[in-house]
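Letters A, B, C and D name the chains as they come in the text, with residue numbers starting at 1 for each one.
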Amino acid sequence: MPEPFRVILFIIFVMAFAGLNAAYLVWCERKGAGHIQRRIGPKEVGPFGLLQPIADGIKLMTKQLFLPKGADPLLFMAAPLMVMVPAIMSFMVIPFSETFVAREVNIGLLMIFAFASVNVLGLLLGGWGSGNKYAVIAAARCVSQNIAYEIPMLVTTITMVMVTNTMNLNEIVRAQAGWFFHWHIFRLDISLLMPVAFLIFFVCSLAETNRAPFDMAEAESELIAGAYTEYPGMGFGVFFMGEYANIVIGCALSVILFLGGWQSPIPFHPVGFLGVIWGLFWFLTKLYALIFTVIWIRWTYPRTQFYELLNLSWKVLIPISLFNLILTALQIKIFPWL
Amino acid sequence: MSGYFKELISGTKSLFIGLGITGKYFFEPVVTMQYPMEHVEMTPRFRGHIELIPDEETGEPKCVVCGMCQKGCPSKCISLEGEKREGVKGKVLTKYILNFTTCSLCGQCVESCKFGAIRFSKDYNLAGPRKEDFIFDLIKRLKEKS
Amino acid sequence: MLLAKIKEALNSLYEDIQEVPEAPAAAEAEVAAAETAPETETAPAPEAQAEEGEPAAGEGEAETEEAEEPAAPPGLKETDYKAKGYHLDVDLPPEKVVAAAEILNRENFFIEAITGVDWIDDQQLEVVYDFNHFDELCRVVIRSRLDRSNPEIPTISHIYQGANWHERETHDFFGITFTGHPNLEPLLLPEDADFHPLLKDFKA
Amino acid sequence: MNGLFQQDVNQETFILNLGPQHPATHGVLRVKLEMDGEYIVDAEPVLGYIHRMHEKMGENRTWAQFLPNCGRMDYLSALSYNHGYVAAVERAAGIEVPERAEYLRVITVELNRISSHLLWFGAFVLDLGGFTPLLYAFDDREQILDLLESVTGSRLTYCYFRFGGVYNDIDDSFITGTREFIKRLRKRMPMYDALVTKNIILIKRLKDIGPISKDMARRYGATGPVARGSGIDFDVRKHEPYSVYSEFDFDIPVYEEGDSMARYMVRMDEIEQSMRIIEQALDKLPEGEIQPKKAVKLVKPEKGDYYHAVEAARGSFGVRIVSDGTNSAYRLKLRSPTYSNLSLFGEASRGMLLPDALALMGSLDLVIPEIDR
């Protein structure tokens, strides 16, 4: 297949994936929340309420798009896109399976982090552009939260880059081939703190994507809907999709860096088309297990307080991740044969 | 410093315990009732809006139009009329209107009735789009029921 | 124990102003005399007829009070808790309320409520303060009668901050002005309310 | 652009309207906040959005006709309000209540108190961003509502007490149901404890947040769990035992810290104490009438004023009656506890961050219809 063709096909796939994902993650979230709270959740529209996301989408689309008085039209309109587009762009480098990746970029990891930072900008502009006091407070919270959490996340990522010697996501996955104990999370020989590093990375990705218990930017019981307060119809819908796309990206990165990406837990990998499906199956299984954990966490904990969040970052996550970095470097240097 | 690690470990533990509890409930059966499909049986003492009690033999309301319910009502939502008829002892009820929009279901009317002529109904599916839907003609209702 | 202590403290308040409560009493008598005077002279006008009952009633009350407890200073009564629900009933002139609140504050009483009563037949408004104590059961009621045409009483919100809202509420409902109150705006009623619903002559 | 950004550049603060429609105010309360960034410089609650003038209604209705109003002030512990009003009128008119009726009052009021505290617990955690405990608490609360419905006939705005007694007697199914419920709730409390109380996030959000000192509680006249969370050992049930409370063995949970966590713990402990009271009351429940032998037909208290306070779920609820000897009140003052409890919010929240102030507000346990009356 010629390269441009392939890329276009992938863009279509990725957009469809991101859109459907967002829609059905909402369904999962509502069903999951329902059962955690011992109720059923959506059940009226379609079997098991499976068509609920479509009904929701139609409802959002038919709503009037209006510009609140005093809002900045350009920023207000551009902000949802600035959350959605980088999330979709990040999908381009995610290896769903060994060969099932839009572009194998050598600096894939860097690219994802670069795009992830744009997401914050989108929320900031959206909050500021709405001209709503609650939204501005939320935007300010969001920025300081993201700055605080990018540091431990990057330090952990640097550790992983140091271990694998590459920023190519597919290469990182290949480095974890073999049994499941070859996945980085279980590689205590590289660093004794590997599971802790995974935890740090996971917590940071929760904070990065503004998910509970770190959803200070939305904080529905304090700031109505935070940065999204003024957004009508699909403006909100796009934000929402972007948020879920970001969750998928965050979880996908955790899977790739720590849980062996598309590697199966046993050293068995068929070749050809079957291999693609095999890899895809394992990648998505791990991905959705992690996303379920995200949902599970959301419906278990209360929201953290803002300064506690920063405390957690500066007093716990950053020192530990730095310590982990040094420990890993030492272990690699002292026991190079491992 | 030891306090720092203690808090860190106990805190993390508390978070996992929390996850364990919600995780356990995730697999337990739901406790909610699917309301429009399932119906709740009201308890015998449920206080719905009032209704007239028919006389067992004639099916006519037992009410003798003494007006005590009207007098006892705090929100003045009962209005009734009666007339003298030949061959019947006392008054005959001709109109009994309950304005349910202002009724607070306190039960003063039922308590003040010395003739056991009104009781609470067990209706609770009463939502309606128009205010007029809640001006109940209780005589009409009684006839429809029987 | 506490009751005796607070009774003594509040009693001392009365001794300080021994002359003061007599003055209004005298004034009342004068008013009563003035009102009864025209009655004898001419045929009673309908208005006078309506007001006729009040001075008599006021006098009657005063008489029974004196008859019950001739030794106690006017207005300070120990009441039967079982029947009334409070221990001490203190009737004070408006200007002494602040001093009483200070005494109660010193004894660590807390404020339960402030409210009013409209005695329209006497052309008076009454402000009632309810105090209670956290450690010992001792409910003190302080009441003060104001002239209905110009109801003014000093605020105690600088002593009991909680009184702030209660006074605003009383101002809302009765139109009683608490002089010195920092923010005497409608609290429960709409911001632009110029009516006082709990007055007996208020018609919705 | 707009008003928000066009303000005077020298102005450091801005006004934030929290409410009247805001998820954290649990009703139509508006708090006018002067904010410096996310710090509160000054807070002023604005009340009266659902003011209904119950006190005037009391003057225009007969004593008995006012009964349904009692359930509509604090709709979460309506029975305590029933009790307060009925007891005040009984004191004024000198009506004796049969012992069994008093026991029934205590049982139902305490059940109501548990349901109120459970709902508060859920709503409070909801304020803090945790959604699930709310539904667990509702699950338990439903059982109480079912029990109370089987006796009183309604689920929320009860009108169960009558002058001199109660409206209905209880049956055996209520007694066994209540005992079973207590057993069930005892099993559930450790779950709440592990899921919420011991959760590090919740502890971090409540410890040392919104301290209310003993003196502050006194100056504002705070009562109930707010006062008890500030180290004040004050509960009307113990302090001036009314009804038959003096016959039961129960403790008043008091916490010295005065922060939101203390108020939280007081309420959680009170659930257990209420269960103890109910158990004892069910054990001791005497046989007999539930209304006086000579039925109370017409209530005409003697001239004078009377006061009666009861411990509602939120604090001391007092009724002051001024009677002129007729069949309706000359003046009816309803002293609602949250009115005083909320009045300290302005002082207590000064200098706090917005989410902390909301945690403080949640810990005050506001019920707006009761504040506005």
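Rule of thumb we're sticking to: a contact is a pair of C-beta atoms (placed from the backbone, for glycine too) under 8 Å apart; a residue touches a chain by one contact, two chains touch by 3 or more.
All values derive from a computational prediction rather than experimental measurement.
Asker: Based on the averaged CA atom positions, which chain is farthest from chain B?
Answerer: Centroid comparison gives A as the farthest chain from chain B.
Asker: Name whichever of A-D and A-B has more C-beta pairs touching across its two chains.
Answerer: Here the pair linked by more C-beta pairs in contact is A-D.
Asker: If I average the Cα coordinates per chain and compare with the overall Cα mean, which chain comes out closest?
Answerer: Looking at where each chain's C-alpha mean falls, the closest to the middle is D.
Asker: Averaging only over C-alpha atoms, locate the centres of chain A and chain B and give their separation in whole Å.
Answerer: 50
Asker: Where the CA atoms of chain A average out and where those of chain D average out, how many Å apart are those spots?
Answerer: The computed centroid separation for chain A versus chain D comes out at 43 Å.
Asker: Rounded to a whole Å, what is the gap between the Cα centroids of chain A and chain C?
Answerer: Spacing between the chain centres: roughly 68 Å.
Asker: Chain A: which residues touch two or more other chains?
Answerer: Residues 36-39, 299-301 of chain A touch two or more partner chains.
Asker: On chain C, where are the residues touching two or more other chains?
Answerer: none
Asker: Can you list every residue of chain B that touches 2 or more other chains, as numbers and ranges?
Answerer: 15, 18, 21-22, 25, 31
Asker: All pairs of touching chains?
Answerer: Applying the touch criterion to every chain pair yields A-B, A-D, B-D, C-D.
Asker: Show me the residue ranges of chain A that touch chain D in the complex, using the header's touch definition.
Answerer: Counting only chain A, the residues touching chain D are 33, 36-39, 69-72, 131-134, 136-137, 140-141, 212-213, 215-216, 219-222, 224, 299-308.
Asker: Taking the complex as given, what residues does chain A use to touch chain B?
Answerer: 32, 34-40, 43, 296-297, 299-301, 315-316
Asker: What residues of chain D sit close enough to touch chain A in their complex?
Answerer: 1-5, 14, 16, 22-24, 37-38, 125-132, 135-136, 139, 195-196, 199, 201-202, 204-205, 353-356, 358
Asker: Write out the stretch or stretches of chain C touching chain D in their complex.
Answerer: These residues of chain C touch chain D: 83-86, 108, 110-113, 115, 117-118, 128, 130, 132, 134-135, 137, 139, 141, 160-162, 164-165, 173, 186-190, 197-198.
Asker: Mind listing the chain B positions that touch chain A in their complex?
Answerer: 4, 8, 15, 18-19, 21-23, 25-32, 34
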